[in-house]
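Look at the two complexes coming up: subunit A is in both, with subunit B in one and subunit C in the other.
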Partner chain A sequence: MSLFKVNAKPSINAGRILPLLPFIICIVAYIITAQVRHDENPKDKLVPTSKQLIDGFRRSAFEEDRKGEYRLLVDTIASTKRFAIGVAFLFLGVIIGLNMGMLPYFDLVFYKFFLFFDKIPALAILPILFIVFGLGEVSKIALIVIGVMPTIVLDTYLRAKAVPREQITKALTLDASHLEVMYRIVLPKIFPKVLETIRLNFKAVILFLIAGESLAATAGLGYRIFVVRRYIAMDIIIPYVIWISFLAFLADLAVRIWIRKKYTWMDK
Partner chain B sequence: MQNYIIRVEEAVQKYRDRDGQMRTVLNNINLRVRRGEFLTVVGPTGCGKSTLLRLILGSEVPFSGKVMVNDVEVKEPSRDRGIVFQKYSLYENRTVRENVMLGLELEQFTIFEPYFRPIKCRRKRKEFREKADIYLERVGLLRHADKHPHQLSGGMRQRAAIAQAMVMQPEVLLMDEPFGALDIGTREAMQVFVLEQWQKDHQTIIFVTHDLEEAIFIGSRIVVLSQYYSDDDGGSTTTHGSMIVKDVQVPWPLPRPTDVKHTKEFNELMMSIRREGLDPDYLQNIKDFDLSHEDAAWWNGGMGWAN
Partner chain C sequence: MKPKFYRYIIFTLVLAAVMSLSFAGNTWAKPKKFKAAWSIYAGWQPWDYANQSGILKKWADKYNIEIELVRMDYIPSIEAYVAKKVDACVMTNMEALDMPAASGINTTALILGDFSNGNDAVLTRDNTGIKDLNGEEIYLVELSVSHYLLARALEMNNMDERNVILVNTSDSDIAPAFIANGNQKAVVTWNPLVMQILQEPGISKIFDSSKIPGEILDLMVVRTGVLKENPEFGKALTGAWYEVMDIMSQRGSTADEAMSIMAESAGCSLTEYKMQLKTTAMFYKPQGAVEYTNSEEIKQKMNYVRKFCFEHGLLGENARSVDEVGIKYPDGSIQGDTNNVYFIFDSSFMKMAADGKL
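Our next item is the complex of A and B:
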């Protein structure tokens, strides 16, 4: 039995089937639980059957609500927009981190500050954001930026610092200006790694997005979950959670493919 | 004075070590290099030969004394001194050709020009490409021009690095143990290759190595840097910093056949350098240094150094 061997070589078929196993187990366990509970109490709300879940998803996605809107679509657009703006701001963090990593004076001024800033739990200052920026879009975007940008800044900083000194010297001997060293030599070199960090932080972005939406919004995936919670509408909540996870997975996959196709030289 | 492209005058370099003490690495280095010379610098581990190279390169400034290139004091690295390092000379995110073209682009385009004047830049790039290809042809890498550095062998990578530096036609080409990571066969091929390149345009080259045989074989002049000497001040080998203990013309004209390595004279020169420069137990007195090269600075009977 090679199950506990570090040099085990699973067959191709095992490679196809085994990754699906945990998914199947979870789904089957859920179906059984739902069945058992519904046998006891046909009006059970906590664990809707798969039929109820599909029906819940269908109603959100393909049926107009009282306002004549397709809820899932409206919520997805609202949340995606916030997500995209938040991520766009993260690239500002890349620029800040690059400057800090390359310019010793920027390093002295900003490094300690960001190190501290990074430790502020963004959720704790959410009330302040709502008071200062109101309940609109600005405070939700601000929450994402404050929550995630310091990580990106510090990561870019460290990566810029890790570029071998020789390569910077070399660039200067090739007539690069100091600005060119930063933006034409170092940035393209560290960019795929930075992209990787941004990708891994998608989860944090979504976390802050939902936290913001849950408190003040008129549309959005997070907003909807918290609204229907009042009616214990598990048949809506569960499909929404799966939908959010699926979108996050897609975004992550897209960036992963982008990195693999465009930056073939990375990690070599 | 114009004969000398590089002049190092009474250069001293000190570093602060972990205890906060200043430690002298280079002690009073005087060196003059003529245009077209192939100077090799050799010495024991930790003698500061790479430090000397970095002073000339400008990535470090001396504690005292100065380094002049073309009678201008060196302050930071610039395009008239090209460099080939042992590692990290190439940018792994660019193909071999892009690496060679990089210098030309950096020299002729400002940072935003490719975005504002794309047509002009595209035309220029074509020229750069042709020029880069001439050099790639010279180093035998034209076939591999579209590969990334990680796809090349160590020797090929160093040849690409040499092309990358040479395409800029710098006044001086500095090489810091460029073949240190290569196996013996590749190493010898690369030595012959560098000599061939030097023959073509008699570029001034300063070549730092810890390999004595390589240093003698490849250079027209050899400088031995060592901390193993005695002076009348009674400084110890660990504190007084390295000096040039030997500065001689290599007697065989360049290019020389590889057979020269097996001659008696070659071995005698090797033995004397090993003894005077590399042997920690043989402390030559400062007055007895063999500074017989015509451009060497020599000890002026206790009056100081004469250039």
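Our next item is the complex of A and C:
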């Protein structure tokens, strides 16, 4: 057995099957649990069978609910919109971070502030957010921005700082303007790395999105999960969780493709 | 290699033996242990007092059992009950029907503690009346008793729920959110939040649960199987509860002392707690609770509740009719599916308390 050998060379078949193994174990464990629970209590709602899960997904995706809406569609649109606006603000964070990293006066004014700002647990200041921004869309976006943007700002700042001074001096001596140095040389150089950071923070964005939607909303993926919890509709909640994960995976994939296509020079 | 391997096996066996012995010892030596969950609400604070004052332990000892009382948030406590992590839990008749009973957890209402008699209310700004709510956004916790209260208020005024916009708002933020947002016209919530919001200027109460008395019942429920096998658990809980009720209904310092402990764990002052009790119709004497549980009236009220639950999909989205879950009353009559009785009103334990037989 070469299981514990650092120089093991798994076969092609092992390469195909082994990655699936943990998934299969989880799914089988789930199916068995559901079966055992339903044998004991046929009306069990906590661990729905796969049939009930599919039915729950079908009902939320393809059937009108009591309000005459296709829930999954309405919720996905509402949440995607919030997600997109939140992420757009993260790009604003990139600009702020770049300016802080490049312009010493901006650095002096903002660096300490963002360093502190970054440490505020956004969920702890929810009541303040609601009083300032109300319960509408603004507060949900604000939660995402306050929660994630400082990280992006600081990451961009550090990456801009790390660009060798020689390059900047060289550009200036070749008669580049200060704006050109920032936006034509430093920004393109650090941008793919910054994109990676944004991509890795999607999880945090989604977390804050769901937190915001659980507190006050009329639609949204997080909203639905918290409302149907009131009647233990796990047959809706589990498909929603899988759907959210899938959408997050798609968003992540999109950025990865963007980086790979646009920045072919990266890591070479 | 080999000797080490044997040592490992011997070690594992010894460990297993020690662990199984200790578990066996547990079940063998100690009295049966039960878990009950409670959450903060004017009508349920007495449970905390029963625990803190040792009254609950006294009654548990009398029946040679152990009862652990845990404080939880409301919805998680019911989820724990449905997942069988606790044996008994406080909840309203509505949640008892649409959460455990609708999930196939056979549930018995052991103690009817009180009904909401003003604790749940529809509050508005700028003299907005019920008729003006059409097209307005209303803050509330969707599918909770607040939602039920609003539906009843609209129904009584021949209005349709579909004409208002419900904003699902977490109960932890609903009061500050409504107070801070001067443009928001209406909110539906419960005490102590109602009291807090009413302290702000320009807010009026346009409907409350005193207009639908006896519909929102606050219960202590037990899983029917657990209760059948261990009636002493039910007896201990009931005994402890009515001993506390006795203390509360006395006048003077004994009652005040008990109630200030209840107020403290609810995070309010004694005066505020007493004000909340005014809008809580407590059944201080078991006789009153027995009579209401045995009455025809409770069946009519439960009919409103189950209708609401069915119409909002709370009995399961695939439920075919309002009769999906059967409800059994002390006189043996059954409301709904007789083959699917999962919610039982049992007045026998309260009757024992009334007769002094505990």
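To be clear about the criterion, the second predicted complex is superposed on the first by the 268 of 268 C-alpha atoms of A that agree within 3 Å, B and C clash if a C-alpha of one lies under 4 Å from a C-alpha of the other, contacts with A are read in each partner's own complex, and residues count from 1 in each chain.
Operating definition for what follows: contacts are C-beta pairs under 8 Å (C-beta built on N, C-alpha and C of every residue); 3 or more make two chains touch, one makes a residue touch a chain.
A quick note: this is a predicted structure, and the numbers were derived from the prediction, not measured.
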item	value
Simultaneous placement of subunit C and subunit B on subunit A, clash or fit	fit
Subunit A as apex of subunit B and subunit C, Cα-centre angle in degrees (nearest 10)	150
Which of subunit B and subunit C A:Thr264 touches, first, second, both or neither	first
Subunit B versus subunit C as contact partner of A:Asn13, first or second or both or neither	neither
Touching partner for A:Asn41 - first (subunit B), second (subunit C), both, neither	second
Subunit B versus subunit C as contact partner of A:Tyr223, first or second or both or neither	second
Touching partner for A:Ser2 - first (subunit B), second (subunit C), both, neither	neither
Partner chain in contact with A:Leu179 - subunit B first, subunit C second, else both or neither	first
Partner chain(s) touched by A:Pro164 [first = subunit B, second = subunit C, both, neither]	first
If touched residues of subunit A are counted for subunit B and for subunit C, the larger one	C
Subunit B versus subunit C - smallest C-alpha distance in the overlay, whole Å	43
Intersection of subunit A interface sets (partners subunit B, subunit C)	none
Interfacial residue positions of subunit A with respect to subunit C in the complex	41-46, 55-56, 59, 65-67, 126-127, 130-131, 134-135, 214-218, 223, 226-227, 229-233, 236
Interfacial residue positions of subunit B with respect to subunit A in the complex	57, 59, 76-79, 81-83, 85, 87-89, 91-93, 102-103, 106-107, 111, 148-151, 164-165, 168, 170
Touching residues (chain side subunit A, partner subunit B) in the complex	164-167, 169-177, 179-180, 183-185, 188-189, 263-265, 268
Partner subunit A, residues of subunit C touching it in the complex	75, 79, 82-83, 98-99, 102-105, 139, 142-144, 162, 165-170, 172-173, 176-177, 180-181, 184, 311-318, 342
